Amino acid sequence: MKLLVAIYVAIVSLVLFDVGLIQADTHTPAEPDSVKIFPPKITALKDTPNDAGTSIDILWELSPSESLFPGAIIEYQIFRASSPESTFERVGAVPAGVSKFSDGGTEPGKPYWYKVVAVGDSQQAASEIAGPGKSVMQWFDRRRKGVLVFVILICTLIAVFIEVAKAKKGKMFLRHLPVFDAIDEAIGRATEMGKKVLYIMGQSDVDDPQTVASMSILARVAEKTAAYGTKLDVPCVWPMAMSMARETVKESFLRAGKPDAYKEDDIYYLTSDQFGYVAGVDGVMMRDRPAANFYLGAFYAESLIFAETGYTTGAIQIAGTAMVDQLPFFVVACDYTLIGEELYAAGASLSGDPIQIGSIRGQDIAKAIFFFYIIAGVVLKLAGINWLETLLRLD
Amino acid sequence: MRLQIPLAIILVMGIFTLVTAFIPAKPIADVNQLLRNWYIGIITFFIFLGTFNLARVNINKIKRRRRDWGYSFILLGCLALMLFLGFYKGRASTEEGQPFMYLYFNVQFPLGATMYSLLAFFVTSASFRAFRARNKEALCLLLAAVIIMLGRVPVGTAIWKGFPSVTEWIMNYPNAAAKRGISLGIDLGLISMALRMILGIERSYMQ
Amino acid sequence: MSVIEKLSKLDRRYVFLAVAIAVSLPMFFPLGLPVEVTAPVKQLYDVIEELPERSVVLISIDYDPSGAPELQPATLAILRHCFKRNLRVLVLGMWAPGVPLGMKALDEVAVKEFNKKYGVDYVNFGYRPGGAIFLVNLGRDVHDVCRTDVYGTPVDELPMMRDVHSAKDIALVVTMSMGVPGSDQWIFYYQARYRGKLATAQTAIGAPRYYPYLQTGQLVGLIGGMKGAAEYERLVKTRGFASIGMDSQSAAHMLIIGLVVLGNFIFWMEKRKK
Amino acid sequence: MLMTSGPWVWVAALLTLAIYSFLYKDNPFYKVAEYIFVGISAGYWAIFLWWNYAYPNLFEPLGKGKYMNIIPVVLGLMMFTQLFRRTAWLVRFPLTFVLGVSLGLQIVAAVEGDMVPQLRGTFSPFTPGALFGTYDFWTSVGYIALLVGVLTTLIYFFFSKEHKGILGVGARIGIYFLMIAFGASFGYTVMARISLLFGRLHFLFVDWMHVIK
């Protein structure tokens, strides 16, 4: 909780520091110095808003030659110097027809002078020198205030409900998901048939929350298999995920009171290549014919091959993923499918962990807020009030 | 020590990147850029570690004479060959016309593409055997699938001119609505997991 | 009833055989049915059509050989359009196995068809690791994350890169994406942060999920699978790989619909019997 | 579509057929192809990672006196400590660093890239009293469907209450939207799968057997 207070203080002070200033400079038009290609005219040098303070926007009026001799101008080149007398360096170019350029290579607070050169095939014409322009460092990106509000809101909700759940020792109501019974049933059947249980954590590494949610479910599956003495097979895609799975399974065996039955080699690294992995798992399915297949985690195109191959080997299949593209195959070919967030909710329920349960509750409240925000948004917009939409505007 | 320092690292890094995402000022943005470059640097070692582990696993397989251990020789041989061909001429080894590229275009390419193309068979088989209108929901799924299958190929247009527009309508509205609902939920799950890991509440990823 | 029983126990290998035949036959006897252009593809075409000449388009090759039949034709068609419009192209990729495919496509279009100059009209930075985090840094400073191109040339020696420093200098990004890292990362970490124009070509499997982003304007175009590529080929007036493939698609789709109907008929008959 | 000539075509064709033999049944040819693929692709990744990134961005600058690069290199090498039981805990340093950097950004990206624009997109088409006037009939119906669909799927993913009463009704409608979306994806996806098969058959018929053209 102390930490949250600290975050708040940090954010509030940020907002207070929000001191974006815009400096503008105009200058007088230049005389044409060429017959055919007339020079452009710089109209303004502005600090690029909401940035690091390393960029100046240069705006100019297009050279009259653009309309007089279409196609005569190829591009505008922009030159910069740190004083009107010193040499000008080229900082960039834009195609004909464009009248704005952001020079992203400036030091905050330093004055700069610019000129824009219209370049044709054989001749060119430079605008008069304009300046000084300065870029200003900003401490808060104003465009993102709606984002900030939502980040604070959601993080607060989740953190608060985790604390509440901890205080209540995890005794918070979560809807019973039919998949829990299915897990027990599937492992039970594998035991009866004397066949192994295949558990696949998906293609993501441990920094994917789906993999972590999958670990909670793996813990339950491993505990059951340890208790029944059923063989568990966990091929992994990433070395890190493998190490984490080993630890999880080891603990589960300990909880089930059978630490000696734990075999490290049952959880092994196969390959990090997607289809190499598919081929490997496919091989396991065809050769060993596991009686229960679990596909929980992040899945990509391999989902269908797994689900369909598992279907032909006659395994009970339980799937769950937050990868929206893959859900259709699981829904069609598996016995039970956890859709998106249900994967996280199932992980929370199974572990009985107040932290996970609290987060799910916090997420639920956030969803309720979204729900009413949308309804309020529609009602207000129909009444001609755009306030809720403006808060969410990013540009 | 073994727990406190890593937890401090994730806390400091997490809070810093989160908060500074709203601060565009140059000194802070520069630090962030550097941290992210380090991130990319470390990530590359993950993949090298993966390659190393693959070799190790297969050597162990051969040593212990596990099932299919003979194939591990092929795997190790291919891995060694690829590494040799990728390094023997320095950077130029991966240019066009080099043996490395021949292996890519004539071994890796056909194998990878063919693996995926097996899916054509599996999707058809799944359509025939698993795609049943068991209840109203499944019927809904089935009808939507058939309409879109017709709307996405020229022959559908030949049957009825309206299929493409019906398809686009389904994709743009009911499909988009459900996908949006799912991803809002998924985002929340993602945020809550990230927050827990940053705050050190979730530690299961540490071995 | 025995026919129904036999069909319900049909070995799936017969189904496999039927698919192979359905896809092969139109290759020998093409029908040449016309491809209808849909709105999301036309949208991207229009965006490229309206870019000022010499603008920089970034094409991200985020696929590997297994995505090539769908995404390579789209890459070729978009490259063709860009060079025809005299735009400059920056190619990179977040998937290592996609690098040779990007090189191949550039060789085919930029060198052989349009005779463009490397380093001036187009550059190729090959594989860039780091996914989302790489994109955040890319948008801020292209030179920092792309020190050398795919041939080992330092970035400062490429004339085109003098004009390309950050997201502001890139007029349009098209990600040819088949998974992660791909469109998701480009939308969440690049477009959301730097607000440039972003479009995507997706394998048909990923495409349905990006329709919500099309509605919100986070994407300015969406090419879905081989059909999308065929549509783009039609727009740039070439008949490429994707267009040739559409007849096989028609046949296979009809076969699958037939099998779904047959499967459900069997299911219904069996249920009635019980 | 991507071919060289001569004996290499045969290599590619035979490997292709070896994978397809899996459709009949699992067999040694398939397994050989499988292991070749794993070995080749693992080597490929390592090589490209090295030449495209690790060498020019990490090691070369290090050699030229950019000593800051020593930090990611050391942290990266610490990944290998997990191979030994006694030093395995050292992995936590690079791991927490990597996670810290990416998770903080992940939170912002999820809100900024998805939540905020998606919420806005759901109600922004509604303008004062004129939904049916602004858009054509089916677009207007579409926007209403979009609104109802988003709201009811949100209800479906509500875990704190049993789905009874009004919540039950909402969740039921939500399921139908989900099923239509899954059906749509399934139908759309068939094309992806067939494309790949077409690609391979095209290679076999055109580049290898020369039976077409």
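Each chain gets a letter, A, B, C and D, in the order it is written, and its residues are counted from 1.
Please note the rule applied: a residue touches a chain if its C-beta (ideal position, glycine included) is under 8 Å from a C-beta of that chain, and two chains touch if they have at least 3 such contacts.
Everything numeric in this text was worked out from a predicted model, so none of it was measured.
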Revision key, fill the gap. Chain-touch separation of chain A and chain C, in steps, is 1
Study note, to complete from the structure: Output for shared partners of chain A and chain D reads B, C
Exercise for review: Compute the distance, rounded to whole Å, between the mean C-alpha positions of chain B and chain C.
Suggested key: 16
Review point. Between chain A and chain B, what is the separation of their C-alpha centroids in Å?
Key: 14
**Study point:** Between chain D and chain B, distance of the C-alpha-averaged centres to the nearest whole Å
**Key:** 4
Exercise for review: Would you mind listing the residues of chain B that make contact with two or more other chains?
Suggested key: 11, 15, 18-19, 21-22, 29, 36-37, 39-40, 43-44, 46-47, 49-50, 54, 68, 91, 104-105, 108-113, 115-116, 118-123, 125, 127, 129, 131, 141-142, 145-146, 149, 152-153, 171-172, 175-176, 179-180, 182-185, 190-191, 194-195, 197, 205, 207
Revision key, fill the gap. Among all residues of chain D, those touching at least two other chains are 2, 22-23, 31, 34, 37-38, 41-42, 44-45, 48-49, 51, 53, 57, 82, 88, 91, 95, 98-99, 101-103, 105-108, 110-112, 114-115, 117-122, 146-147, 150, 154, 157, 178-179, 181-186, 188-194, 196-197, 199-200
**Study point:** Shared interface positions of chain C, touching two or more other chains
**Key:** 12, 16, 19-20, 23, 66, 68-69, 97, 129, 133, 136, 145, 152, 192, 203-205, 208-209, 212, 215, 225, 227, 249, 252-253, 256
Check your understanding: So how do the chains connect up here, line, ring, star, complete, or something else (other)?
Key -> complete
Practice item. Give every residue of chain D touching chain A within the complex, in rising order. Key: 22, 26, 31, 34, 37-38, 41-42, 45, 82, 88, 91, 95, 98-99, 102-103, 107-108, 111-112, 115-117, 119-120, 122-124, 126-129, 147, 150-151, 154-155, 157-163, 178-179, 182-183, 185-186, 189, 193
Point to revise | Residues of chain B defined as touching chain D within the complex | key: 2-3, 5-7, 9-19, 21-22, 34-52, 54, 56, 68, 71-72, 74-83, 86-87, 91, 93-94, 100, 102-123, 127, 137-138, 140-149, 152-153, 169-185, 187, 190-191, 194-195, 197-198, 205-207
**Study point:** Partner chain D, residues of chain C touching it in the complex
**Key:** 13, 16, 19-20, 23-24, 27-28, 66, 68-70, 72, 96-97, 99, 101, 104, 125-129, 132-133, 136, 145, 147-148, 150, 152, 187-189, 191-193, 203-205, 207-209, 212-213, 215-218, 224-227, 241, 244-245, 248-249, 252-253, 256
Study note, to complete from the structure: Per the touch rule above, chain A residues touching chain C in the complex are 55, 74-75, 90, 92-98, 102, 104-105, 204, 274-275, 298, 300-301, 312, 324-325, 394-395
Review point. Mind pulling up the chain C residues that touch chain A in the complex?
Key: 12, 52-55, 66, 162-163, 165-166, 168-169, 178-180, 192, 195, 203, 205-206, 208-209
